[in-house]
Amino acid sequence: QGYPNIGRAATEKEVAAWDIDVRPDFKGLPKGSGTVAKGMQVWEGKCAQCHGTFGESNEVFTPIVGGTTKEDIKTGRVAALADNKQPQRTTMMKVATVSTLWDYINRAMPWTAPKTLTTEEVYSVTAYILNMAEVLPDEFTLSDKNIAEVQKLMPNRNGMTQNHGMWDVKGKPDVKSVACMKDCPVGEHPRSTLPEAARNVHGNVAEQNRSFGAVRGADTSKPAPT
Amino acid sequence: QGYPNIGRAATEKEVAAWDIDVRPDFKGLPKGSGTVAKGMQVWEGKCAQCHGTFGESNEVFTPIVGGTTKEDIKTGRVAALADNKQPQRTTMMKVATVSTLWDYINRAMPWTAPKTLTTEEVYSVTAYILNMAEVLPDEFTLSDKNIAEVQKLMPNRNGMTQNHGMWDVKGKPDVKSVACMKDCPVGEHPRSTLPEAARNVHGNVAEQNRSFGAVRGADTSKPAPT
Amino acid sequence: LASGSALAQAAKGTAFEGDPNILKLPEHATTLGKPVATNAYGMPSKFETNLLRRESPGLTRVSAASVSFTPLQGLFGIITPSGLHFERHHQGWYDIDPATHRFMINGLVKNPKVYTMDDLMRLPSVSRMHFIECGANTAMEWGNVAVPTVQYSHGMLSCSEFTGVPLSVLLEDAGYDKKNAKFILAEGGDGSGMTRTISIERALDDVIVAWGMNGEMLRPENGYPLRLVVPGVQGVSWVKWLRRIEVGDKPYATKDEAIHYIDAMPDGMYRQYTSIQECKSVITTPSSGQTLLDKGFYNITGLAWSGRGKVKRVDVSVDGGRNWRTARLETPVLSKCLTRFNIDWVWDGSPVVLQSRAIDETGYVQPKINELRAVRGTKSIYHNNAIQSWKVAESGEVSNVQVY
Amino acid sequence: LASGSALAQAAKGTAFEGDPNILKLPEHATTLGKPVATNAYGMPSKFETNLLRRESPGLTRVSAASVSFTPLQGLFGIITPSGLHFERHHQGWYDIDPATHRFMINGLVKNPKVYTMDDLMRLPSVSRMHFIECGANTAMEWGNVAVPTVQYSHGMLSCSEFTGVPLSVLLEDAGYDKKNAKFILAEGGDGSGMTRTISIERALDDVIVAWGMNGEMLRPENGYPLRLVVPGVQGVSWVKWLRRIEVGDKPYATKDEAIHYIDAMPDGMYRQYTSIQECKSVITTPSSGQTLLDKGFYNITGLAWSGRGKVKRVDVSVDGGRNWRTARLETPVLSKCLTRFNIDWVWDGSPVVLQSRAIDETGYVQPKINELRAVRGTKSIYHNNAIQSWKVAESGEVSNVQVY
């Protein structure tokens, strides 16, 4: 053996305790089920205080539900992502894979007590989120048996592409610039400048630079000198 | 000019305030003088508490005076440096250049109030140190006029060599080893090992290593395991 | 202003005899200072307290799922002081006891294994310098100018020397399935159990299971005692408090690669698994929020980097992109590591716009923001590697602008 | 012992079901951690408090003219965390206000000049990684073995990325006398007014007037706000709290080059101006005072460096110098900089002696202690760059020995 006396075999129980990930093809998904009704209980008891009763809150994080339509469920593309008519991009607008929700809720939610939900609670509350998003009916029971069917209803299931050059270190960049050195074409005036309101919103920049050296921090508690 | 608006001319007064170094050829030595008698006053008032009445103390630093002979003053080589019969190597045994003493006392002594001595005090106390070392007689007045003569009496004035390869980055090394790779000749047993008394004298080494990782710190509060 | 240039100072008085800071010796020249080991673990000078990592108000809703930015405006060279390394946590940070920390490999391996920190730190280790940049660095600037300083525009960027065992060594040790392994999943031990998919090619190339950062152990905020180092790839993949690697044959589409860290395209599609941080640079001094006190000579300095390898060249413009000169690169120039550039400049007091543009060893040229937008639109959020413009006003004050 | 290897752990119980640290999820996996910027300037983990810089009792009489040593036994890579950089002060240290600090050039120059920190930091700057080693490092081992750990035997050694203006730029700016300039004197602003002679060749080569260290300003203990960086030359020449450079035509024979930092030869002569730190290496793990918990695989790791350029090769012996294998060198390998080496080793549980031997690009081979003594005797104090031997006992405890 290459490295004598280093490490040991993991036991089955150990792997079971930590190997909790669930893939888009549902590898890793534990058997079980949960109803929308039970999901509502879980949501209102353990989730709503942060995410809002309808998953709409942006107090603690961006909204989970909203912005998807019946039409999206058919096409598998959330139209609002192209027309930008929604003020925010909710979780349900973006997420393409139901496994992602299941896996994440199971591993990380509720935020202050992650990994404390039962398998049934995770099934239930996932179902409830999809119910709030009008993907699943009120009477639905989500289970390892039917989750692949539910995947086919995800509003943005066709909204992901892996066709780009940023996965492989040798991938082909999409933006190709040229290093002009002399008399390069440039607009005469800045196209955008720092809004006056943003000047001091991070605190006084004078206190975020040394009081000696090549430069000083600008006193942003006052307007920019003219 | 290369770097517009950077730095400015130093004024004469500024250079005078900071350019205090004194070289072996006495460039930089201010005019002035001081007697052995005055030097004794300075020594006993400002130096003896750390260095001892006769410059012999090793409470705060190694002794300043001791280990030189009349014969050394003649040869300019301190014999004890070769025969190693002195328990310690005092300042006077090592120092070859009287400028070194003058410069250092002037810039750095007394330790807790450096650069506070007058020029006369520096001349005097330098003379007194040389007097304690039996280089100068009791009645001597050391001055910028006669210091070059005093240099000729320094016990170790011929004790320095600059004939070595460690000044120049391209200098020739004095020790030349060869990188043997296989079956190299080596003594069978360690020629020296850590004395038991040294084991715990830096504190318990267990507390000076991490309590995890590839190794642990040895508990040196107990004898080495056998 | 307290000090200013020596020239300005001298000009103050007529018949200038000299600077009192020279003529009158300072206290530290005439007294005894403090002993060694006064601070057994040392800290910066008390005059350095303006350089701190800071949050951007309004960026996120809660500080335990947020970012603190590195104060690039005051840093030198390429090494980020560990105390100022940017932070990005999704469920807060912990100071984990290394004696209890475990690392597991499972999935498509012959021998699923568990390692303690003792085990890992006995394995063959490497030390390498790499930058880490959050995929969302400079996100706030995809549309218009939004933030006042380079700390907030580019400060999700740090660079350290990392030490650990190559992941390839561990994958070999566990006997990974050479035929079927296509991806790995890296998983954190924190509440978020941060999970990211990485290609097996990356995993076997230069990924490190690291415990060391800048000579000492990782800082708690950066994943103590164990994190993944994925050179060239966005920071979210550098899973902190690393507890597990799973070898698999399909990607995992975890929350932070299926809902976030996906790049919104103008047609409404999202690009998923956009990992590589493309070539980018920024001038750190002078930069927005700083003020030049005087005309005359300045050293323009900044950082350049590429997730695809080494920086080959950095050009700097002091006229808003019309004309460019090539800057000096400090050594070492390392792959997937920050490179510091410097270039001379004499400011004549007129308003100017400063820009830097990096080119990496693949020949890729850092684009202008309009070139990026032409392909990716304005909603992308992630991977804004556009040329940054800083405008120097006549007053000497520098501000954030977009010029192209 | 708290943790131990996973293997040892599993062996403990029969019918081992698993490690409770895995089976029972730890608190940090099931709760919310701390927010970002909890520490706006971060510190090491609370589990890292054993790694501190420490004095060696009895080395000096007073702590303000003493040394604190870097804990090399626990460090990784080549960058020394600035908080653990070794200290050597002759008259204590101060935290000097940079607004009041001045730098002067005088002597054989056309224009004696004064610069503020503002001035200096506007000049063309460079960033470079270099080691600094005290000329007295390993001094206590010239005769017999004396100290219990590598912290005390080799810990007057650190390595950082330094940023500043090349001294050559300043010498040109002041118009130094190209015909007569042979030496410079560097002078500190502290009580000791530390002064050292440097050749004009070194001064014009790679010496830096530095303010930056590892990305931030120098730490107060290391000369904040300004120190000289003299690559390859012993630490005492890297004058801290630098206030002045004088250009001259003769050496200065200052106290720390005429009474100390002179090398005692067997014939009673002293070698003066022995500046260059010759090629040296040391194994940092496993090293004296450490204990191996178990047989099996280990990564032997250590540091190599040379004041004359790059490290070319490091060999390691696990049989007290009889047979040697060549170690892997981590990148970057830089001139006058630490180089980290690593090599595989399987310990069979029998007593062995570990050694490392570095060779630099000039072909110079790090000598054995008896080879050094054959030329320089046993009183030299300075510049002990001998091969270091660590004995691993059957108990696993490692101790400091001399073997040749």
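Going in written order, the chains are labelled A, B, C and D, and every chain counts its residues from 1.
Note that contacts are C-beta pairs under 8 Å (C-beta built on N, C-alpha and C of every residue); 3 or more make two chains touch, one makes a residue touch a chain.
No experiment lies behind these values; they were computed from the predicted model shown.
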Open item on the list: Quick check on the contact graph: shortest path length from chain A to chain B, in steps?
Closed with: 2
- [ ] Sort the other chains by how far their Cα centres are from that of chain D and give me the top one.
- [x] A
Open item on the list: Measuring centre to centre with CA averages, how many angstrom lie between chain B and chain C?
Closed with: 46
TODO: Find the geometric centre of each of chain C and chain D from their Cα atoms only, then give the gap between the two centres in Å, rounded to an integer.
DONE: 27
TODO: Indicate the whole-number Å distance between the mean C-alpha point of chain B and the mean C-alpha point of chain D.
DONE: 22
Task: Overlap residues in chain C, where contacts from two or more other chains coincide - done: 2-3, 5-7, 9-10, 19, 22, 29-32, 47-48, 51-52, 54, 62, 74, 91, 98-99, 104, 113-119, 121-123, 191, 193, 217, 225, 293, 296-299
TODO: Give me the residues of chain A that touch two or more other chains.
DONE: 2-3, 6-9, 14, 18, 111, 114-115, 210-214
Open item on the list: Tell me the shape of the graph of touching chains, choosing from line, ring, star, complete and other.
Closed with: other
Task: All pairs of touching chains, each written as two labels joined by a dash - done: A-C, A-D, B-C, B-D, C-D
Open item on the list: Help me check something: in the complex, which residues belonging to chain C touch chain A?
Closed with: 1-3, 47-48, 50-52, 54, 56-58, 61-62, 65, 71, 73-74, 90-91, 104-107, 111-115, 119, 122-123, 144-149, 151-152, 172-173, 185, 187, 191-193, 195, 199, 201-202, 205, 232, 243-244, 246, 248, 250-255, 258-259, 262-276, 278, 285-286, 288-293, 298-299, 307-308, 313, 315, 320-324, 353, 357, 359, 364-368, 371-372, 374-376, 379, 383, 389, 391, 393, 395, 397-404
TODO: State the interface residues of chain B toward chain C in the complex, per the touch definition above.
DONE: 2-9, 11, 13-14, 17-18, 111-116, 210-214
- [ ] Enumerate the contact residues on chain D facing chain C in the complex.
- [x] 2-7, 9-10, 19, 21-22, 26-48, 51-55, 62-64, 66-68, 74-85, 87-89, 91-102, 104, 113-119, 121-129, 160-163, 189-191, 193, 211-212, 214-217, 219-221, 224-225, 241, 293, 296-299, 301, 330-332, 334, 340, 342, 344
- [ ] Using the touch rule from the top, collect the residues of chain A that touch chain C in their complex.
- [x] 2-3, 6-10, 14-15, 18-21, 23-25, 27, 58-61, 77-84, 89, 91, 94-97, 99-100, 103-104, 107-108, 111, 114-115, 156, 159-171, 173-184, 186-187, 190-195, 198-203, 205, 207-218, 220, 224-226
Open item on the list: Could you list, by residue number, the parts of chain C that touch chain B in their complex?
Closed with: 5-7, 9-10, 16-19, 22-23, 25, 29-32, 98-99, 116-118, 121-122, 217, 225, 294-297, 346
